[in-house]
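Please find one structure pasted underneath; my questions will follow.
Note that the chains are named A, B, C and D in the order they appear, and that numbering of residues resets to 1 at the start of each chain.
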């Protein structure tokens, strides 16, 4: 099986889905000629033409809105928002329309649409280039939120997202784009949406992470006996996997890059506190970004949950 | 070298039928007597539908409702130019369009009574759900038009909105993209002079909306929106252009919202009654009737017939809407996603 | 003391702050001549003139962005978004700018800005007129989120919000606008931001609610011995009050109108699960809206947490 | 009645100084020799600053950096027309404006090295922080201009952005509001022909950006953005108009991004080298130098002096930026809110 990084895996997923289904097309800023600022769509305009790999004007709401219109017509557009920090301009389109069109039309019109965007910190980039506000999109019934943590899951999840009948926000951890290489099947495959992956098994603590934090959490949990759940999809998320593990271990640590308050970790803790609390022996701890404006590069390392902070939380829950 | 003119634009207004019912023969579109009667009947039906909606609302049988009174020609005239296979992205005040295209009236009543089943467009029609968030559907229309081009379909896309919508960012992003991609889309703006209490001259400092199209590199035109022939002609021309790869057109229908903004509004708080009275004189139905009278297409008996048919159709629609079975509580779950998550399944059990 | 409903109380707060401080001005759609679609600014344009009560074009991002610019210049604008369902278009301005300007400029520029908007269900209004997505704004460090539950708190909190040095989103429960009348001082006063109010005291269960749900929760808890905390501000929220009560009662029920997943109740549960779990005897229950698109009037009553659902949760935690 | 013209617009382009350094005497703004030398020195300083930034970035001493190469005249010429008390809302590629207004260069280097302390504008200057989210600062400028009017201040507001920004919804909402409220704001668009890899003609189908202003009911003008006199003159005229209650103006500076989009970009992937070579011929500094040579305002000795001064100033700025003490970890908390919440206080203790 070939070794790939996440950029190559995503590129291959797009290429294969485009080859397979003429309704799949790409649009976004600089996705065509330039191949995307991270080169995710490199070579695809040459291969599939300018009508299928569309460089758009600089207009995030317009991009998502137009992609949505394409999906209503029956296509399966994959829109790119250049960085997650610029998706806020498309918030209305996602929340008021993509999430609701199926419901509004009682199923007559649907939006099989994927919005891809690089997210997360650790790349020493300018303001708004390192956001991790995935939780916002999990409070929008009707939308799915998918976050791979490595090349293998990236390819399988993106393929599944493109084939999904509903709108999917697909967040790509920028820091990991070229950091991890692993074996990735050259053929098409899907990784099912809504299912967590057990990235490490052990019995003492349930550790839950997703996307950019999985790699770091794997490091941090070395030498500990933990169940490390990589959520892969956070909306809808794999309640069963989480509850099963939490009930077994009685200790939970959640690792989230985003600011602590109202991050996705809150939902996980609340779910466990409602449905597994009698099995717990320790407080549910969140290791998270702080409740501050995401800092610029000089200070960002203080913000991002570190291996040390994760270990401190593990040691803390293990005291009980 | 110094100051040089690098571009110029003139914005036109099209008017064919004047308030007295006189038409400019050169511009009159090729409609036969039957077509014209059909237009008239659709106008009357739309107005009848609308009047009934207001009455039902007063009786508590409908929720908040936005009247189309005075804007019927802009809606019927434009929709009449469409093919069944065209795609329509409405705002919330174009029930005359729905009626013209054959969208079942009982569904409209159901929707305005607060039942989303009213937005399940029957197959065979490509009318998107009513869009409440002003102007936000404009990019959808552009995307759909790009999709139609991509597929090589000869469908055009029509997008309706009001003067207020032209202030929204999505209007701009949508129109700009339509220009860049020469999308086969026709933007039909009903400039009814008001966005709730905000008059046109506080909505924009531009003297016309049509001129905004120049900034997007395509044609904008103003038409007398109470002149059904002008609206029809401009829409047909634009649709043909769209189908033939000529790209988008912006049509400003200059009209007037005779009624309150919605049944929740009281326009007398902010609007001079004389203005309303002036515009009543320019009534689109009256105008067509005068034209038809001149051409012997209209008489009292015909009028009675048309009114009776309209009333009967509306009665029937109200009846159908109100005798629809109550939606089940579990319906709130059934269209959120294609498949329910385990959590949604659990929640669904809670309601029934 | 005069009796007032919330509309009158809010109107009075605006009038008094405008009289007190010439830097306070209002802008939004229909706020001037028409006095706002809910009449919150009734009479203020007559009194303070068109330069201070500004009817804007229909452009939510522009309204918030322009208000923000005014606040940077030194004014204290109060912007109205006509319904919460239309605030998504201003999400970028709130999240990327209002929340960050102080940080971005290291304190050189600040945004003493209030964005008021009616929110919540139960008024049988069209789509997007009954949103309760307050949690989204609690995941934006730098922004405060304030939600009154009655005329008295409405007046005092709005006054405090206008005087606050940072941006505040002020959510007004539409259903309660004219439902509750109570004594409201004619004079100016503030209700401090960030502090919960104990709306009912009892020892068996800690019940937490805010805004539109307080009235209903008061009804539902009649005959129960509960601490009912009305949060009043949800960002930042009164952790101390919540933890103190939760540690005392050992049972927690959270009542939230918004869709369950990733609502603000999740943060409350997570906070308690981290810092008071050892005192709990029962699962932390959330009574919340369902994870569905907010229904239109015919079905909305099935969506909004009912007295029955709240009581069921109380009975459930009382079993432990 | 039929088709009538209801409005028309012509869009102008202003050019005073040609690439050979010849000027149109009638249009030349009233600048004396000292002013002109000052302009030249600012151009050279801006370019020196920029070149050093690129060098520092290559050495890993700066983060991603967007070069202003080729756009210096649009920035220096417009900023030179401002008063110190005016308010400026920049985008991210106007360091020539910062330098002209006396914003400390070491702060700019600090900022581009990833330290937010670089955006703490010194008191006495009203330059807002660099705005990374394209176009989103435009409504802020409009609001500030409305605030200046409201206060009765004679301050004008200037807002800078690129061609790409004109596609954003916030551009539209901001300009439309500026028109409606006749806000004292000048929009300065640096149309450098590219938005990363997207060329101007894929950004909009309109042949000029200046013409977009017509849709907002105020004047738009295109200037040769590499002609510092044209830029200065147009800006000064617009500022005077703004101060005198004449409302907003949109100025399109027709210029070119000679460098890659940023240091993270490789423009050779998408852009023909001949195009870049053509534009190098139109270099704004060369052009002013030719003009000054004709007028005996420039000679080799002067050039050496100007270059030396610029280098020294840049050396000093780099030194100051790099010898600034490291920011404390707790700094990440200290500007989020005026006061920290109990939770933020707890978190703050975790980092130090």
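Note that contacts are C-beta pairs under 8 Å (C-beta built on N, C-alpha and C of every residue); 3 or more make two chains touch, one makes a residue touch a chain.
From a predicted model like this one, the values you see are computed outputs, not experimental measurements.
Contact with both chain B and chain C is made by A, D. Here the spacing of chain C and chain D, counted between their Cα centres, is 40 Å. Computed from the mean C-alpha positions, the centre of chain A lies at a distance of 36 Å from the centre of chain D. Chain A and chain C have centres, each the mean of its CA atoms, that are 30 Å apart. Distance between chain centres (mean CA atoms), chain B to chain D: 43 Å. Multi-chain contact residues of chain B (touching two or more other chains): 116, 133, 136, 167-170, 173, 176, 180, 202-204, 335-336, 341, 343-344. Residue positions of chain C touching 2 or more other chains, listed in rising order: 56-57, 59, 61-62, 85, 89, 92, 96, 103-104, 127-128, 141-142, 261, 290-293. Taken as a graph of touching chains, this assembly is complete, with every chain in contact with every other.
Looking at the complex, you find that chain D touches chain B at residues 1-16, 18, 24, 26-27, 167-173, 176, 179-180, 182, 202-208, 210-218, 222, 247.
Residues of chain C that touch chain A in their complex: 61, 85, 88-89, 91-92, 95-96, 99-100, 103-104, 127-128, 133, 135-136, 138-139, 141-142, 235, 258-259, 261-270, 272-275, 277-278, 280, 282-286, 290-293.
The touching residues of chain B, when paired with chain C in their complex, are 63-64, 92, 111, 113-116, 132-136, 164-165, 167-170, 195-198, 202-204, 264-265, 269-270, 326-327, 329, 331-333, 335-336, 341, 343-344, 347-348, 350-351. Residues of chain C that touch chain D in their complex: 25, 51-52, 54, 56-57, 59, 61-62, 64-75, 77, 92-93, 96-97, 101-110, 141-142, 144, 164-166, 194, 236, 239-240.
Against chain C, in their complex, chain D makes its touches with residues 87, 89, 116-117, 119-121, 128-129, 133, 136-151, 169-170, 173-174, 176-177, 180-181, 334-338, 341-344.
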